Amino acid sequence: MADNKKLKEDVLAISGVNVRKCMKCGKCSGTCPSYGEMEYHPHQFVSMVESGDIEKLMQSESIYKCLSCMACVERCPRGVEPGKLVEAIRLISIRRKDANRLTPDRISELLDEDMPQQALVTAFRKYTK
Amino acid sequence: MSISKEPYRPLIVAFCCNWCSYAGADLAGNNRLAYPADVKIIRVPCSCRVNPTFILRAFQRGADGVILCGCHPGDCHYTSGNYYTRRRMALLFSMLDYLGIERERTRVEWVSAAEGAKFAATMNDFCETVASLGENKRLEDLRCKK
Amino acid sequence: MQRIGVFVCHCGTNIAGTVDVAAVSEALKNEPGVVYSTNYQYMCSQAGQDIIKNAIAEHGLTGIVVCSCSPRMHEATFRKTAAAAGLNSYMVEIANIREQCSWVHKDMKTGTEKAIILGKAAVAKVNLNAPLTPGESPVTKRALVIGGGIAGIQTALDIADAGFPVDIVETKPTIGGKMAQLDKTFPTLDCAACILTPKMVDVAQNDKIRIFSYSEVTDVKGFVGNFDVTIKRRARYVKEDVCTGCGACTEKCPQKKIPNEFNLGMDNRRAIYIPFAQAVPKVATIDLDHCNMLKNGKCGVCAKVCAAGAIDYNAKDEYIEEKYGAIVAATGFNPISMDKFDEFAYSQSKDVITSLEFERLTNAAGPTGGKLLRPSDGEHPRTIVFVQCVGSRCDSCAQKGKEYCSKICCMYTAKHAMLTRDKYPDTDVYVFYIDVRTPGKNFDEFYRRAVEEYGVHYIKGMVGKVSPEGGKLMVQASDLIDNKQLRIEADLVVLAAAIEPDRSARPLATMLTASMDTNDFFTEAHPKLRPVESPTAGVFLSGTCQGPKDIPETVAQAGAAASKVIGLLAKDKLMGNPCVAHSDENMCNGCSTCENVCPYGAITYEEKEFRMPDRTTRIRRVARVNEAVCQGCGCCTVACMSGAMNLKGFKNEQILAEVDAICR
Amino acid sequence: MKVSYYPGCTLRNKAKELDRCARECAQILGFELCEIENWQCCGGAYTSSTDEIATKLSSVRALKAAGELDRPLITVCSACHNVIKRTNLAMKEEEFAGKVNAYMAQDADFTTPYGGETEVYHYLEFLRDKIGFDSVKEKVKNPLTGRKIAAYYGCLLLRPSKAMAFDDPENPTVLEDFIRALGAEPVIYPARNECCGGYVVLEDKDSAKRKSATVSESAKGHGADSIVTACPLCRYNLMKSGSELPVVYFTELLAEALGAKEAENG
Amino acid sequence: MQEITRDTLISRAKELLASGEVDRVYGWKRGEFCYDVTPALFTDAESLEKDFEWGDFCGANLSKYLVEETRKSEGKILVFMKPCDTYSFNQLLTEHRFDREKVYVIGTPCAGMLDPKRIRDHAESFTSVVSDENGVTVSTLFDGDVKLDRSEVMPDRCLNCKSKKHVAYDELFGEDGGTIASGRFDEVEKIEKMTPDERFEFWRGELSRCIRCNACRDVCPACTCEKCVFDNPNSGVENKAAENSFEEQMFHIIRAFHVAGRCTDCGECSRVCPQQIPLHLLNRKFIKDIDGFYGEYQAGAEVGSRAPLVDYTTEDIEPSDAVKGGDENA
């Protein structure tokens, strides 16, 4: 429980998001282009962070399905910015020891001829600490 | 000289216009927005009722800070009172500063009747600022101190 | 020396919870002038007031201090109490130990200390109080209603009904306002025009009511009972008293392609037009911006076809000045712009409309003759999606929309959905909602009927994006209950746009010196106890200019505002505020500095003869304050170098005494 | 007019055309892109977390370098632009800037702290606000008449709009106006501000393909004969979306219309 | 050009008296010493011949005396005014303090007055002073004649003269000058540039010398109140005892504030201060601020102008921004 509390504090601090502002309208989830691929949807990120249910989010593939497209951030009428929550939870997750999502040895299999460097550096920034 | 062990608390006199800022202070109360008890409010009909003499007198008698609150420019209940306040206090405060008196001890803030939160935040900030300056020594008249 | 009584109120635990009231009354006993000090549970109660009255009689009190809630709350109460006991009302001072003490401090010790100091300041002030008698001023028995929507209409009718003349100033060519644009009204579904237009006719026929349509207020001077108002009557280029409203001109005018604002631009009108069939006054108006004759002198068709000879191309704006005793603001609302919400594609598709546009689309007098047809292709929509809370309930940090709930959208959306299903049962209707808010008589029942009887699909969730695709509108939304993302192919999307005060309200408030909140709604004198009065005396509030409200509420408030106006106009004289400026002629320099800063022109000068100590006489110029005009701001008192000018009730000496008491 | 230029790493490799055309066209349009010395990769993505300093340093260094020359900083790649502009906004917050400057003080060449003073423009934004599309239009030699081009914004140019302050995030117009200035007809389609799938393509090709296919199909459905973009990754994703619609960089279009190639050749 | 001498003025005054145009003359009269010149009222030719003085020590600004004098009768008063005095004259007219019709103003030229204190710095025990374009010759009791440069012995207010232009007169002697871009704010700026502690010490040093003699107030042409707040027990600021420094600051702040926007910067306050407190630096601070905040304003430049403190614009500077200048550069 104490752990959960600390986790929640970290998520809130790292993201700078005030989850209490949420009025549970669901516009983020109405907006999200990756909704169908996510186990937990943007509005659930907000409510689960609020209730301290963060470990589940960290374990979920959902944090790697977010495209960081910022559409939820753009459209949230309450300025809650769910996308930043997802980012914070992903960061906390990959900052753990040996928890990097992406390791250099996997690169060669993922690359193809045309893929721009940009894809690589971005993925590293998002998936690796 | 006080030898009490209690931490120093400043004495703040706040002049509030009846229509906006006093109502804003009431709203802070309605919403239970806390600020230090150091602040003592004097109700005036309009910020333009505040004579520089009142401010100087407060300092003379030992106030550590004086804040003047009125309606936002353009929203004066009496149309233009706060515009005069703005000029008077701009000149007075500049003069006090010129005389070497800490400028942080005086302030004018526009607080509407809807801005309870701003009132409380302003008072918190002002108290903190004045408290960090410590006691008003430059302006007070020692004869008036018990 | 005064004999002062101090009365400390517990206000239940509101004060006593944080302030040791007994200690306060005890401490104040020793203040100069105090002869009696006590505390009681509720000073404002009858029993509490009796304690004060008895003490005044028993101890021969000449002044009282009540340590209680804000003077804005109960100063008037205690003044009346004092007066009832034979003490001058202005010998009462309030120490605000609730809003400005017990409610904002948590610690009993500091709370009590501060309460004592506030009490001391009030005692110090009362010691220098003097009995004051309010001056009197006459009342102009005529009211001005600004805004001719249902709020203004109802207020004007009620005032006129009591026998007082009323003028309505309306910026549009006709009265009627937003209600005239509505189709049906919730929750009874009677037609808006059927209940509004008879009232408009009543207004037109009432000989106590004058309508200044196509007009605006440009200046307000004076004060309660005695306002001087300048009204600009914009040139409509049609003589109002000659035009018969036959409409011949509006059919012959060659300028045909002007968006018709009454139908929100969904069809066109001519350059000379009558907004709608039941307009009041039913006279034509020429739109200066589009009339060829007015722009370049080439046309004149309307003058040729007007049998009555009502057209006057040389008309000019006119300014009229009128005196009023009371002014009612009834400036109404508008839906907000959808510019910042283009995820709903309002600017990208004609088939995304606002609810007010939907009203016109379903109105028999609307652009489609009441048939619900898509604006893009005139087809009957099979799937309609309603989106609620568009721009309402937005947090300020999102930097778009309004923070408040617009209040009427849940109900009108239920109405739209229900009517659509009723008339076109083959239509699928979805309503995306965050909450359905239906407090009001028969409101929730109405909403339930939409769901249960009419099969409207209410979905808790929000639309994320509307994409115009191949003549359809792809609506992507969330369903929070089913935890699904939906994609609905809709034909029509209706946005429940938030409402905001009309833009004319802000400059009007400045003219009236009436206060506004951060959303530009007029502030009421008291949110609960004086909801239809502005804090500015003589200015009253009717309808949505004070906050979002539906028609029944608006009409109720309009009537309430009227009753306040009638109460004011029924008086022959008004007791003024006795806390006015006063100049000591012996000290007055006659320098005119005070006159220069007085916002009311309350200060004049006279040459006065003074007897000098050596028995000679001198003539000096001295200031004189018109107490009926002075509003008591006190600006002059600071401008006055010699200190000749003082403010009764807030004298220099009194304020200095308060300062001293606080700093002691 | 000289402006500072931040090309970014992709423009050195896979997106050379984006860079080359940008430089050539600038010359024709009367401004010079002066590449910042020793620029470092922006990292490709802005990390919105409040506790990451290091990921912002390369952007701050670029911003500072431009600021010291008293020039605006121009980027062409949407991703670099997004990262640098958002970093610049973050640097206007005193607390954050304090931390970053404390970090930067370790740099050998550190002089004065940076507080977000440099103006950041996307190349398109610069054309619109500083050069003017009318002036661009005047310089067009080969108008792209008859072409129906779908503008693809994606996420990075527009969002978050508070930071990017680039265009209406839901109904942008800058690329369409750009296309019009070049003489072609812009195709307006609803998916133009949807995400292409972005960096997720590295891990989850299917997911990315679904997203990009939505975009290219929407563009095609609205009658486009090609798609224009400012982002190498968007271009890559759209090319892999299974659509035959050609995807070109906006600078390539510009170069074509201005006749930059001919100028070079002739 | 006719040279303006004492005789020129006296003969014109006599003419006006004789014609009945005026029945009194306000001028200056010599006291025991040459520098000991005071304002004086003359009603006949004889006393004019005897006592009327015009020269380097006629610094006293006569405008203030008109307030009281004009009330005494319906007759007209002749008054002599140097350029700077005319500003005070106009300011009093703006404030309706006397009837313009009752005054006949003769504008007199001014090359700058001399300051006895400064002369004493160069020449102790001086008996007489003669000045011309070439300088000042001071005769002393023990050291013979001392030749001095005029600028060495002018008071600050004349060194920083703001105007040689008469803004009010019925008759002008000599040629009129124009306004002068003086360095009168230099000293104010110097103080502004000090740290707050230095400023406080500077003013404590100056104001602690105040003996509260009220001379500054009594001579000030802007201080013409029927009853001064400092003499009024009900004003809350009445207090004559000089017991500590703040009391004096309070007096001087309030006094300066009362004349803010009305002070013409005539410098009389500093001239008469027996303790040599540079009181004009308080007034000039207000003038400088007013010019800076609200645009250049010269009190008395024209009759009927709206003083900055009885005027406003909706875009005025906020008090918090007003004190941002002259930062603590400690």
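Here the chain labels run A, B, C, D and E in written order, and each chain numbers its own residues starting at 1.
Keep this in mind: contacts are C-beta pairs under 8 Å (C-beta built on N, C-alpha and C of every residue); 3 or more make two chains touch, one makes a residue touch a chain.
None of these values were measured; they are calculated from a predicted model.
Peer 1: Please identify each chain that touches chain A as well as chain B.
Peer 2: Both chain A and chain B are touched by C, going by the contact rule given at the top.
Peer 1: Count the touching C-beta pairs: is B-C or C-D ahead?
Peer 2: Of the two interfaces, B-C and C-D, more C-beta pairs touch across B-C.
Peer 1: Quick one: which chain's Cα centre is the longest way from chain A's?
Peer 2: Chain E.
Peer 1: Centroid from C-alpha atoms only, then distance chain D to chain E, rounded to Å. What do you get?
Peer 2: Using C-alpha averages as centres, the distance is 68 Å.
Peer 1: Let me have the rounded angstrom distance from the C-alpha centre of chain A over to the C-alpha centre of chain E, please.
Peer 2: Here chain A and chain E have centroids separated by 75 Å.
Peer 1: Just give me the whole-number Å value for how far the CA centre of chain C lies from that of chain E.
Peer 2: 54
Peer 1: Just how far, in Å, is the C-alpha centre of chain D from the one of chain A?
Peer 2: Each chain reduced to its C-alpha mean, chain A and chain D end up 24 Å apart.
Peer 1: List, in ascending order, every residue of chain B touching at least 2 other chains.
Peer 2: Those would be 52-53, 57, 74, 80, 84, 88.
Peer 1: Counting only residues that touch at least 2 other chains, which ones in chain E make the list?
Peer 2: 229, 235-236, 309-311
Peer 1: Residues of chain D that contact two or more other chains, please.
Peer 2: In chain D, residues 170 touch at least two other chains, as defined above.
Peer 1: Applying that definition of touch, give me each pair of chains that meets it.
Peer 2: A-C, A-D, B-C, B-E, C-D, C-E
Peer 1: Applying the document's contact rule, which stretches of chain C touch chain D when the two form their complex?
Peer 2: Listed in rising order, the residues are 339, 341-343, 345, 347-348, 399, 465-470, 474.
Peer 1: For the complex, give me every residue of chain C touching chain A.
Peer 2: Result: residues 343, 389, 393-401, 432, 434, 460-465, 476-480, 483, 485-486 of chain C touch chain A.
Peer 1: Looking at the complex, which residues from chain D come into contact with chain C?
Peer 2: Interface residues on the chain D side: 162, 168, 170-171, 188, 190-191, 218, 221.
Peer 1: For a test of understanding, state which residues of chain C touch chain B in their complex under the given definition.
Peer 2: Touching chain B from chain C are residues 70-73, 96, 98-101, 103-107, 110-111, 113-114, 117-118, 121, 510, 513, 515-518, 523, 535-536, 579, 597, 599-600, 631-635, 637-639, 647, 650, 652, 655-656, 658-660, 662-664.
Peer 1: Show me the residue ranges of chain E that touch chain C in the complex, using the header's touch definition.
Peer 2: Touching chain C: residues 71, 95-97, 224-229, 232, 234-236, 258, 306-307, 309-311 of chain E.
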